[in-house]
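Going by the order they are written in, the chains are A, B, C and D; count residues from 1 in each one.
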Amino acid sequence: MHIERYPELKPGRKWIKRFYLSIMLWTVGKAIPVAAKVDKEIKKELDKLPDNFTLRLMILPERALGPFFYAKMLPAFVADKGLLPYGMQMIIHKDKEGKLHYQGADPRGKKFDLSMAFKSLEAAMMVFTFRESTPTGYAHDRFVVEGYLPYATAFMRVLDIVEVYLLPKPIARLAVKRYPKWSEMSPLRKHLNRLIIYVRAFTF
Amino acid sequence: MKTIAGSNNRILEINLSHQQFKETPIDPRDRELFMGGKGLGLKLLYDRLTPGVDPLGEHNMIALCTGVLMATGAPCSGRFEAVTKSPLTGIMATASCGGPFGMALKTSGWDGLVITGKAAAPTYLVIDSQGVQFKPADAIWGQDTEAAQEKLLQEGKGALVIGQAGENLVRFANIRSGHRYLGRGGMGAVLGAKQLKGIVAKGGEVRIVPVHKERFTKINKRLGRSINQNAVTSGSFRSYGTNANVHLSNAAGILPVRNFTGGSHGEAHKVSGETMAAQFKTTWETCKPCIIKCGHKGTINGQMRPIPEYETIGLLGPNLEIFDPVVISEWNELCGKYGMDTITLGGTLAWAMEATEKGLIDTDLKFGSPQGVSEMIERIALGQGIGKDLAMGSRWASRKYGGEDFAMHVKGLELPAYDPRGAVGQGLAYATANRGGCHLSAYVLALEAFFGMADPYSVRWKPYMVKFFEDVYAAVNCLHICHFTAFAVELEPPLIKLTPNFVVKILNQIVSPLALNLLDLSFWPELWHAVLGKHYTPYISMIKFRKAGERVHVLERYMNTREGISRKDDTLPQRLLTEGRRCDSEQHTVPLAPMLEKYYKIRGFDADGIPTPRTLKRLGIPVK
Amino acid sequence: MQIPDSYEFLLYPKIVSGRCALENLPTELDGHNAQKPLVITSQALARSGRTKALIKAFYDSAVVIGAIFDPVLDYAGISQARQAARLFGNRGCDAIIALGGGPVVALAKAVNLLASEKRETLQPYYDGTPIAGPLKPLIVVPSGPTDGQEATPAMTVDNRTIVSDSLYPGVFVLDGRMTSADDGRDLAESAAITLAQAFTALTMARPSPMVDALAHPALALLAQYLAPALRRPADKTAGLALANAAVMASAASANTGPGLFQVLAAALADATGICLGTCLGILLPFGMAALQKADQPVRDELCLCLAGTERYSAMAAPDRPVRGLELAAALARELQAVLPASLKAMRVQHYLLEPVARTAAEKGAGGFTADECRAILTRAWEANA
Amino acid sequence: MLLPSFYDFCCRVRTLSGIDTLEQIPRQLARLRAAHPMIVSDKGVGAAGLIDKVVQAMGDGLKIGAVYDQVPVDSDYKVVDDAAKVYRRNGCDAIIAIGGGSVIDTAKGINIVVSLGGDSLLAYEGFGAVNRRLRPLVVVPTTAGTGSEMTLVAVIADPDRKIKMLFPSYFILPDLAVIDPRMTQTLPDFLTASTAMDAMTHACEAYFCLEKNPLSDSFALRAIRLISQHLLEVVKNPGDLNGRLALANASAMAGIAFSNSMVGMVHNLGHTVGALCHVPHGVAMSIFLPYGLAYNLGKAADPIGELLFPLAGPEVFAATPKKERPAKVIAHIRRMNEDLHAATGGKHPRCLKEVTGRDGSQLVPRSLLPAIAEATLLDGARLTNPEEMLPADALPVLEHAWEGTPLGR
């Protein structure tokens, strides 16, 4: 038997999907701390998490994406500011005072109290292109939770609300189990908060 | 002595169960469409045999037919054909033989026999111009072919006889006539099942003369000259026999080595025709009448023995990794005595060796070691121990014990000694050959691997070539004349002789149909027309000749499809489709699927490989 | 519903089915602590480009494919098993993925056995040596025709069967990209096997509620998706559903053993060389008719699975067993639109029926005698129900 | 039968069911290449004589390595570590767990530690930590309800951090589950009722929650059918071995169903009242089940309606128009609770206010309901419920369940 007939195959990369997902993670990561300041309910949910708590949403364990070549040159304290999108992770830290910070995608030197890891890039694509809502994704085992499950459920509730803010209604309806009713979130509040979140999240 | 111009035109039908016989004239239309020999035999069975009968049962039939050239004195015409349903493959089997029985049958005044039924006790038949006598064979039952034949020949000029293998229903038992055999497909077991030990034809009762004597003599001489000029027929085959091919095959990498894994072997020269000729001081021992003289005998260990043919050498030699010509010829003689096909035996033994190596069966057979082979041959012939399973052929044995992937057969018939991975056209020919793994259906490999007239690895036009040669050889088997005359008939005409082979190769690559249609085959149809006294039209007659061949080939295919053959069976052993030869750095396999697709199309078969009604109608085959 | 006095049940393989199921492969491997699988697949699947989708499923993961061993045709033999086992060792693989069905899976099981136990032949196992320890993880990605043995602890290599719990594949990954059929014939053959297995499970003498629970969705999916799949073999939903049914039925058969149909069809396939699925497809209606005549009590479950709760409830209680058989026979007849209608049409040689019937009866064809088997075969030969 | 867009299903537990299956344990252990098992159990099981029964049934074919019967009701990792030491000290090579959910989960934990090495279970918390085949684990459930013998997660508490640790892995699944009615024969009637209703809830929720799939549906359907056919009989006639066997089978099948399709708000509420008020799990399940069904009518009316078939039989199913079936299902469950209440002489509570502790005090004060509602948000089962349930939605449900009034929409 000629062994060369059956070559070894190293896994390739899906660059476009990686790029899309890193932008999505960056957007959500930047939006959550701002939303926590604006929205009472998010604040309430996040209050359930202990202080000095680090959580991450992870799609792939690599810390930087090839095209974002600058990422590898940045020292940790700059990278942790999360100023630019560059990775396949989203790290959020709750400090001693209960304030939230988006810390980019660099897991170096951090200890995670809660980690939600997608099983594969395609699984993350299913959720982040809203073909599957977060609960469906959870039910379909698209991601695994490491850490205390109740914190994860709280965080998933936060994600739901943030998605409602960030996304236009037709898309957000796909992403959450039940789009908030009038009584839960008035359109005025929604649009106002949406504006604030967008402006504050992306104006540094 | 009665003189008959043309042919006897009558068939003797024998029923062993009732010990009856009757004379049937040959329908002139059948003579026109199916000629004689193989074609006629198939047509006779097509009219008489119900599909789905047990090959070893009472209702199976065997037809033995001569062609119109028999006994006319045409060169290399001493051949006759047997047709039956094979117990090895379960489909139609045809075999051609050059022994004296054909001549004796024809000169007894018969063009053919059809035997059916089953004798109550061992019997042999004596045939003369009046009919047949049924005689008890208890005295010779259990004897080997040589002894039995000697006894039978006291009653006539030619005999057919089976050995112990046939009596024990070894599925690849053959029938012997003189020193030649109706080799393949297990005809011996069919006779054995009918309790028929042998058939003797008295012979010498009628004289056959061609209708157009002068024309016949002229063509005869021309053909004789061509044969004597041709490098193969007058050179290598005449000097060394068919095992002159050992060198050619080894060089082309198509020699079966170690159950079709090698392709060539450094020691192959030890069993080549050249070596044997020198070592054993060979002389000729051939069919009559023959001027090619491929059959040889020689002094081996002080005894005069037949020199094995190339296929026997290939399959009992390199294919078992054995390179000792003495043991091979011993086994060859053993097989002759027991009455067994050496090709199937070789293929089955190679399978058994590999299966032993891979832990599927428990025997003491080993590649490269002659130890235990003679004993195994005996056990197979006599049906003892595992020999009883091997006597069923490699397909049956591999279904029972596993190892189907390296059981080298097509449709149950073991492959001959050419590895088609070095000649892919031959791969297609094996897959589509009607009786199974057979090189005589279309000998494309000669163009691909020996003469350099076609690219051995290209699939382009190969289906067309295979169809062309299948048609031609089917017609040759109807005449009936020796296949080897093809070298002379096809290659000696000036057009092809003067064109260098590499140009032929290029032509074959680009415009193969054109090149093949320009091939001059006129000798054969001319002989046919001269014997029967018909008008010969150049080219048109040649086309008609090929069409008759096509008709016979398709008829046989159609009969096989009635026995369950379809596309699924037109395949090759897995090894040829998935593994490369050891000698081949590029690891070629046979790309069968695309060739098969194309082949069906040009043959006029449907996608499942069944002849379409339109094709049958075009060829004048009555649909049943 | 009756619970039998005692029964044993095991559904060993994990089933992962649906959208993006292929992309779960790296995770499944990781769950078994494996990083370098050897992929075994057939020539046909490699040609049809299915392997490409498989390779893509490993993109952006840490998994390196050790090799794709793809010369398998329709026979699993020791030669190829040895080659693949050598490849497995050479590349330092630690898991096996079988992409395909039937011989591919059988070969993968054999390779696993050879590679994990470091042996050259299967001879000792034929002789009854038990398999020593747990083998390497084996993941099956069904594609193409099945032989019904994939989800069982049995493997048939070189026409001989070895049964051992160690041979169960760990995971089945069913993905619409892989399970859609290329032609209706393959699909019908697989469906015939599924139908026979599920039918056997639901009509066997000692019913177990868990086997029922396993066979139920198999039969229900088959009843629902067979027609659309036969109409359009490339239909992904239907293909996936039938593949699901096939795995479930196969797993059910691991708990029931072969019934009349399987034994009879296996004997016929052995004798004629026709594939098992076609044999089953032809035999099913005639065998079911024979069962109906044999007056063996058939449980209501069969009807429930085939008719669904709604139609089942609407029927009068005493009619249910008969209606169940009728529905099953109707399903079998659906297959005959694609498969040959009789053994005669399949050109099975008549003289073979006798030995086939005898072999089947010897192997214990659901308690049927050689004469009864021959009667079924004869009717199937003539297409005379 | 609808094929979901995605599902996974795993239940690689060999199940032995029947009247005489305990006797087969030695043979099966030999098949797993073990001969020296440790028995893990709790005091209650031992007191009921069940351990002896098992040991006796297994006969002389097996040498018991050790018996650890110290598993408390709320087992924690310290118990596990402790038992693992016993296992090692006695050179055992397998575990036989005899008991309910807590014992089985503890045994799973012990198996992790003894198979993968190390001193403490803490090292193996979270996904992916258990990624090798473990040693043989045989489970003999003594309650026909929890279905833990079929689940692939072990829940073990960490009292220091005051959390429940999850150990999800396919390798945690037991190798063998032995369902023998002799093990549940002596269960008191009210426990029989509540554990069976627990299984019923597993099956019902498996049938309508988000991860439902054809296999879990099929197992759930059969479990429900068995329970509704046999439960009342068994409660009235505790010695009915066939009925016991049916319930034990149903519990196992419900376990298979829900461990593969996840559970919904009934478990969400149940877990919460269990954690905050120590309401027994089975009791909470039987109370919340009708409310869970009613709450999800908006999104899952069809599957809920189909439950009428196994619950009430084909005749009632055929006679009820499709639209009325969900309501009838809920009514049927309520009636079952009523019947059980009557059959157990009031020991089977129908609503939260009827739930009492050992001392007869009310376990769930009405004033606690808002706090309970708030806490429901943190339970994982919230995610797999078809309908979104926020604390604001949970409160009315809890109030109705407390009163025992049907949930109007």
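Please note the rule applied: contacts are C-beta pairs under 8 Å (C-beta built on N, C-alpha and C of every residue); 3 or more make two chains touch, one makes a residue touch a chain.
This one's a predicted model, so the numbers in the text were calculated from it and none came from an experiment.
Chain-level centrality, scored on Cα centres against the all-protein Cα centre, points to C. The interface with the greater number of C-beta contacts, when B-C is set against A-D, is B-C. Distance from the subunit A centre to the subunit C centre is 43 Å, each centre being the mean of its Cα atoms.
Chain geometry summary: the mean Cα position of subunit A and that of subunit D are 34 Å apart.
The mean-CA centres of subunit C and subunit D are about 33 angstrom from one another, to the nearest whole unit. Multi-chain contact residues of subunit D (touching two or more other chains): 5-8, 128. Listed for subunit A are residues 1, 140-141, each touching two or more other chains. Of all residues in subunit B, those touching 2 or more other chains are 579, listed in ascending order.
Per the contact rule defined earlier, chains pair up in contact as A-B, A-C, A-D, B-C, C-D. By the touch criterion given at the top, residues 579-580, 587 of subunit B touch subunit A in their complex. Note for the complex: subunit C touches subunit D at residues 1, 3-21, 24, 30-33, 134, 165, 168, 208-210, 212-214, 216-217, 220-221, 224-225, 237, 240-241, 244, 248, 308-309, 312-314, 317.
Per the touch definition, subunit D reaches subunit C in the complex via residues 1, 3-21, 31, 128, 131-133, 169-170, 213-215, 217-219, 221-222, 225-226, 229, 242, 245-246, 249, 253, 256, 306, 309, 314-315, 317-318. Across the interface of their complex, subunit A is touched by residues 5-8, 126-128, 163, 166, 209-211, 262, 377-380, 382-384, 387-388, 390, 392 of subunit D.
Of all residues in subunit C, only 18-20, 23-24, 26-27, 55-70, 83, 86-87, 90-91 touch subunit A in the complex they form.
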